[in-house]
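One chain, subunit A, links the two complexes that follow: it is found with subunit B in the first and with subunit C in the second.
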Partner chain A sequence: MIPKVRENILQHQDLIIEDWMQQIEKFRTDESLQSISASVYESTSRDFVHKLLLTVEENEVSDEKLNQFVERLIQMGWPLNYITRGLQEFRKVSVKVIFQETDNNEDQFRMIEEIEEWVDEIVNLLVNQYSGSWENTVFLQKMALKELSAPLIPVFENISVMPLVGTIDTERAKLIMENLLDGVIEHRSQVVLIDITGVPVVDTMVAHHIIQASEAVRLVGAQCILVGIRPEIAQTIVNLGIDLGKFPTKSTLKKGVETALRMTKRDIVELES
Partner chain B sequence: MQVQTHVDINSEWGIVAARQAGRKLAREIGFGSVDQARITTAISELARNIYLYANQGQIKIEEVTESGKRGMKIIASDEGPGIKDLRRVMEDGFTTSGGLGAGLPGVKRLMDEFGIESEQDEGTVITTIKWLR
Partner chain C sequence: MRIPILKLHDYLLISVQVELDDQTALRFQEDVLEKIHEEGSRGVVIDLTSVEMIDSFIAKVLGDVVDMSNLMGARVVLTGIQPAVAITLIDMGIVLDEVPTALDLEQGLERLQLELEG
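Up next is the complex of A and B:
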């Protein structure tokens, strides 16, 4: 940054801070910021403007302290919007100072350009930091969801259960198929119970995927039983005209397990006391 | 006041959002759990068809009253390729995407009233109603 601008800004720091604080107070009513208490908002904002001035003082756009400050905002879930608007206001109040200090048009123009560039660079850096961290979060959540998605749980020798909970989209349908086949081979399952108690809607796509998965399971030498069909789901499946006739189904997981034990020539007996 | 909701369908998330909006309205109107499931499933079929065949479109759901009857209306509209043979798509098992081909005939059975208007290269509008009994 050219020395003249720096001097001006640093000389009028207090003015800039007060002016900026006033402007930033106006966003406080924004929906995304309402959950933040007044005192936290005030102290965080003061911290923010000091960090911005620090970049000017050190004459270095990418300042470690500013980065850390922004990282903290990200962690606490402050919206990106706050940062970008804060920087816009910072530009406005700095430009105002320059106008007050110089009358020469050409000087003004050059100095304002300088400020714009400075602020734009900071905006770019911080937006990148924000989106990088956001993408990372989305990625991690996706992975977490993926792990929750379609587990195959061995419950008895040769018997496994796949409980499905939540909406089934194309990506999950693929996972169900993969996990079923891998799991059946890994656990040497002979019978797999697919439990759809937790699936809110069974439409033709879900039904189709389940039918395909069970056919694939049959090809690797095991059998599927569909369990947990709620009464209202049973009715919609019939209305859709989907034929589950050749598909073994049981109303509950418990009945399914009993059937699976019988299919593998076992039984549950009660011990006499 | 009668409630009306629009949901844009341009991803699989849109399908889920339309279903949720549909289930909520069905519950508010007073449909039982079986009819709620029927309505939600019908919305799912129509929304997925939009997503699959037209890429994008809209699901509109609203409460309707007609000569003392109350019900829920679903309008699925898109500006996609349209449907060439309206009779064939209503046959069980007809599909151009390797699906079950059960969606449209299924929706007709899940609901009480059903109508398709479609013009090739113009788009498709499907209107369907479930009455409260």
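Up next is the complex of A and C:
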């Protein structure tokens, strides 16, 4: 930033701060900011404008303190809106100061341009920081989802269960298939029970994925039983004309386990006391 | 390249240990049928544990071998199909519908016994 603009801004610091605080108070009514108490809002805003002025004073856009401040805002869940609007107001207020300072049109124009550039750069920086933290969060959640996605649990010798919870999309279906096949080989399962109790909707696509998975399982040399078919799921499956006749289906996991035991020539017997 | 075919009592054991190309597959088909005729076998186990790739032609040949052997009175069980191979086959729309499968040689032989009894 050219020294003249800096001087001007720094000279009228107090004016800018007061003006800015007034402007920012207007956003207070925003829905996302209403939960924040008045005193915290005031002190944070004051902190914010001080940090902004600090970047001007040190003539360094990527100021460590500003970064830390924004990091804190992100952690406390302040909306990005607050930052961008705050910076817009900062620009307006600074421009106003410049206007008061000089009457020369050319000078004014140059200085405004200078401020614009300065503020834009800070906006870019902070928005990047925000989106970076979001992307990070999304990534972590995706990983967590993946880990929860499709475990194969061996319950008896040669019998495994894969409980499915939540909607199944193509990406997840692929993961399910891989886990299923690798698990079958690893646990030497002869029968795999796929439990869809926790799957909210079974449409043609989901059914297609399940059929494919069970056919793949058959190819590697095991058998699939589809369990946990709720009445409404049975209705949709029939109404959609999906043919699940190729492999056995059972209403509950319990019945599925019994069938699986029978298929591997075992049975549950009650002990005589 | 010929694939060795072993005889065990009434059964034939075949472990495919090379990547199958079209020529080998066709040769293999002939050899298996010839052997079934020679030995009067009742069952065949084809183990595919070390096969890492099956294309549509090989899949068709394998399906044919199964059908042809059935015609000659020998049941065929495919064993040890790898997950990656299974996924490729399914993706290509090849389901090998009527072919019995098993996890490994041991279970394959059990399965064969079951098929022959039933």
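What we mean here is this: the second predicted complex is superposed on the first by the 270 of 273 C-alpha atoms of A that agree within 3 Å, B and C clash if a C-alpha of one lies under 4 Å from a C-alpha of the other, contacts with A are read in each partner's own complex, and residues count from 1 in each chain.
The criterion applied here is as follows: a residue touches a chain if its C-beta (ideal position, glycine included) is under 8 Å from a C-beta of that chain, and two chains touch if they have at least 3 such contacts.
It should be emphasised that the depicted structure is a prediction, and the values quoted were computed from it without experimental measurement.
Chemist: After lining up the shared chain so the two structures overlap, which partner does A:65 touch, if you call subunit B first and subunit C second: first, second, both or neither?
Modeler: neither
Chemist: Between subunit B (first) and subunit C (second), which, if any, makes contact with A:167: first, second, both or neither?
Modeler: First partner only, subunit B.
Chemist: On the A-aligned overlay, A:184 touches which partner chain: subunit B = first, subunit C = second, or both, or neither?
Modeler: second
Chemist: Does the superposition put A:221 against subunit B (first), subunit C (second), both, or neither?
Modeler: The second partner, subunit C, only.
Chemist: Per the contact definition in the header, classify A:202: touching subunit B only (first), subunit C only (second), both, or neither.
Modeler: A:202: touches subunit B, not subunit C.
Chemist: With both complexes overlaid on chain A, does A:212 touch subunit B (first), subunit C (second), both or neither?
Modeler: Second partner only.
Chemist: Looking at the complex, which residues from subunit A come into contact with subunit B?
Modeler: Of all residues in subunit A, those touching subunit B are 167, 169-170, 200-205, 207-208, 231-233, 235-236, 239-242.
Chemist: Would you pull the subunit A residues touching subunit C in the complex into a rising list?
Modeler: 177-178, 181-182, 184-185, 188-190, 212, 215-222
Chemist: Under the definition above, what is the set of subunit B residues touching subunit A in their complex?
Modeler: For this pair, the touching residues of subunit B are 12, 16, 19, 33-34, 36-38, 40-41, 44-45, 48, 92, 99-100, 102-103, 105-106, 109-110.
Chemist: Please output the residues of subunit C touching subunit A within their complex, sorted ascending.
Modeler: So the residues of subunit C in touch with subunit A come to 78-83, 85-87, 89-90, 95-96, 101-104, 107-108.
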